[in-house]
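The structure appears below as structure tokens.
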Amino acid sequence: MNIIKKTINGLVSLIEGLKVTISNGFQKPFTLMYPKKKEELPKISRQCLQMNYKEGESKCVACKICEKSCPQHAIKIETEKINGKEVLKKYTFYPEKCMYCGICTEKCPFDAISWNQNFDMASKTKDQTINYKRNS
Amino acid sequence: MKTYTLNIGPQHPSTHGVLRFVAEINGEEIQNLKCDIGFLHRSIEKILENKEYYQGIPYTDRVDYLAPINSNFPLVLAIEKLANIEVPEKAEYIRVITSELNRIASHLLWFGAFNLDLGSFTPFMYGMREREKILSIFEKLTGARMLYNYLRIGGVAKDLYEKFEDDVLRFLTDLDNKLVQYNKLVTKNIIFKARTQGVGKLSKDLALKYGVTGPSLRASGVNYDIRKKIPYSIYSKLEFDVPTYQKGDAYSRFRVRINEINESMKIIRQCLIQIPKKGDFINKPPVVFKVSPGETYIPTEAPRGELGIYLVSDGTEKPYRVKIRSAGFNTLNCLEELAIGQKIADLIATFGSLDIILPEVDR
Amino acid sequence: MKNLKSQLQNNQNVKILTEEKNEFTLEIENNYIINIANLLLGKNYLSLLTIVAVDLEEKIKLIYRLADIENNRFINLQTFVKNGEHIESLSDLFKSANWLEREVYDLFGVKFLNHPNLTRILNPDDFKGFPLLKNAKKSLKKSKNPNQLTFF
Amino acid sequence: MFESLSPLTIDILQSLLYAVIIFTALMVAALILVYLERKVAGHMQSRFGPMHVGPHGLLQSLADAIKLLTKQPQFPKNADKIVFILAPILITLTVLLAFVAIPFDETTIIADLDVGIIYILALSSLVVVSLVSAAYGSSNKYSFLGAMRSAAQMLSYEVPILFSIAGVLILSESARMTAIVEAQSGLWFIILQPIGFLIYFISAVAETNRTPFDLPEAESELVAGYHTEYSGMQFALFFAAEYANIVLVSAIATVLFLGGGTGPLLPGAVWFLIKTFIFVLLIFSFRWTFPRLRIDQVISFCWKFLVPLALINLSLTAIFKVIF
């Protein structure tokens, strides 16, 4: 008798499980068909570092706080002297070194760098990772 | 009897990262087992010695990438203890809410991976589906899906966003319904029971001798939860139970973790009620930040057990030594003894039920 | 608890550094480690949770964190090992000591006597030097055949 | 044009035509089934399954087949090359040959053998030979373990299958497939033999190495079991054989228990396909719901539960038959 009871209980448990999976089969899938539909990323999502501009000029004053605070040394700042003042010449961001911790944007006192939601960062040349370059 | 050696891993479907077993096998029975670890050794302890205190936090994310906030926690607490920094109450609540959410996410992933080890694929997808919802909440809150770098010395990085409470509550009610389904699909399933009950029995004695902590210890009948026993943050103000089972087999470990999801949900609901609506979310330390010399050990309850940080400071802006005590290291050690006499299938089941991830073991 | 405290205070080899509600920090000479650990094991301190090693340039500080998990009591056993000195292994008393001591050996080069299998655990076997020492950069040398890693 | 041919030649030509049609149909069916399984599994797991190749991913398995066809065959270092190459051919051959005796309709059958069901059983027990030779040929420990498991499992489950079919044979009084179908014109045998059907179905799942009995290829333990070392077309043959095998056991179940190709309105072959299809879907949904058993549990479940139950069922059927 015990065996029969056990068998029936076992069968019932298996059928209950089947019910769950089959009923899930008729519900709407959770997947987002990625390349066709894209979820809008929240504004604070950290995907690619970008330089902020004000009236066509970079907000960066080349204080190098971000460069120093970056744990992975993913930021390189080159400066030059114009009229006796240190001015930003070239701001390079190395995405392959970056670990997207967000410390640089947090530390920046001038709101000169921020994150954008462009996670599709593949580019053909390394030059395109340079965020800012002064033409002179 | 002639035995032969079977090399399982480092590339193997169910080694949860990169682990290598060298098993001496007689037929299907394991006679001797050696674990070869270190494939994911990144020497995070050494890296932390060379970074300033605030720079070290993102590296602890990578200690246990399934529960980054729980791994941030001990380091932040240790620095605050040595530097005597007060944390605003709101920040404490945010920390607890996020770390409990992270615990749920980690357990959900484990739920899936364990079932995958036992050969059923669908629960894995269900676990991932629920975890994805948590990750979306975290993305809105912290700006990243997996490695958040959210806790800061003296608080958290960002304030809660506007609809955070609604999002979390909606997720929790959804998860309540889903857990009932999981119960039907997995917990009561006779094949699942046959595969896990009595498998990988970790006796209380053995668990204590190996220094096993966390859910695996609680499944062996020891009621030890650091959130209760050495309360940190605001856990002493919160009401929750510590699920404990006596048998110490894979099934008990499974039940403990599923119950822990429920307890975490309880904690989050309490926190959402008690959290002060106004107030600072961070007590910013000075820019040039130095920690007074000294040393301290802070244990916390991570999803996998006791995650502790031993911090030695020499008064400069960089730590002198950081030791990360990971739960997985001790737990994996006991697998070498547990596996003897088991079948290969049971080895995988036992290993899965112990919830070990290798980046935490190798650091 | 009080019983244990008085016993520890009477023991000449033990120095109580700090004392909290459920946590002691003791300092001992490294050749008494087996004795003291045995004593504590008898007092229901069954688990060795971790071994912390700190490199203090000329010597290495070892902190054994023992726990009586069921009664929520902890003891940090602190001892020093000078460069080139040995320390007795605890792997007979605590099962977890096996891997923990291997880890300390691997990263700091502390030699444990009577350890059943004192080999590298996190680093590959042919790794030279001990990476977590403060002067590790000098001692770290590239292995001769970087492409041929042998395990075990 | 055909008048000049002798009746024997016509017979042979007709059989050949049937054979070609059925074999191609089976290979196409395997492709469709792979697509179907992925789609069913996808929806059960609240995802879409293949979506990108063709509308709703319809051409996905075709693309996979082409990819596998164009791959260079790989041989492990210590492989026994002849055995290694022959094994996938052997398994496909055995499974396809079994279809010779399946009646899709009252008339659509290649060879209506007197011992049709026995012939099919004999062939399906040959499958294990090819699995073991695949493992032997590839000289891999995982393959070896998988093959040992499959040998133990498939040999054990032959026994309950035989007993459960014997019950049907007692009722139908013939081993000829068409005769079995005819015998069910009144009542389907699933009603007369519910326990026999259950035993057959469970054992059939075990015979096809599907979850919960997929130990020979248990991917979380043995990587891929007996076909760990196979790639390209050889792997595709194993794959096709697995799906053809599923169709085979479902077809047998349809013939033995669901009255084969009989039903109102629609032609017989369509009914046959519908019934088979239901079984196939059921086996698919098993795979995506249940965990895997352990080898000792599989064997003891067979010998301690299924075989005694099948024996009881068989003797009850015999007594029933003698009395009435």
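Some notes on this structure:
By letter and in written order, the chains are A, B, C and D; residue numbering begins at 1 in each of them.
In the analysis below, a residue touches a chain if its C-beta (ideal position, glycine included) is under 8 Å from a C-beta of that chain, and two chains touch if they have at least 3 such contacts.
Just so it is clear, the model here is predicted, and its values are computed rather than measured.
Measuring from the average of all protein CA coordinates, the nearest chain centre is that of B.
Centroid distances built from C-alpha atoms place D farthest away from chain A. Each chain gets a centre from the mean of its Cα atoms; for chain A and chain B, those two points are 24 Å apart. Centre-to-centre spacing of chain B and chain D amounts to 44 Å, using the average Cα coordinate of each chain. Put simply, the C-alpha centre of chain A and that of chain D have 49 angstrom between them.
In terms of their C-alpha centroids, the spacing between chain A and chain C amounts to 41 Å.
Residues of chain A in contact with two or more other chains: 14, 17, 20-21, 24, 30. Residue positions 44-47, 288-290 of chain D each touch two or more of the other chains.
Not a single residue in chain C touches at least two other chains. If you draw each protein chain as a dot and join the dots that touch, the picture is not a line, a loop, a star, or fully joined; it has some other shape.
Of all possible chain pairs, those that touch are A-B, A-D, B-C, B-D.
Contact residues on chain D toward chain B in their complex (touch as defined above): 41, 44-47, 141-142, 145, 149, 211-212, 214-215, 218-223, 288-297.
Contacts from chain B toward chain D in the complex involve residues 4, 6, 12-14, 28, 115-122, 125-126, 129, 185, 189, 191-192, 194-195, 343-346, 348. Contact residues on chain D toward chain A in their complex (touch as defined above): 40, 42-48, 51, 285-286, 288-290, 305. Interface residues of chain B facing chain A in the complex, by the touch rule stated above, are 51-52, 54-59, 61, 122, 126, 129, 132, 139-140, 142-144, 147, 149, 157-158, 181, 184-186, 188-191.
For chain A in complex with chain B, the residues that touch the partner chain are 9-10, 13-14, 16-17, 19-21, 24, 30, 41-42, 44-46, 69, 71, 99-103, 106, 115.
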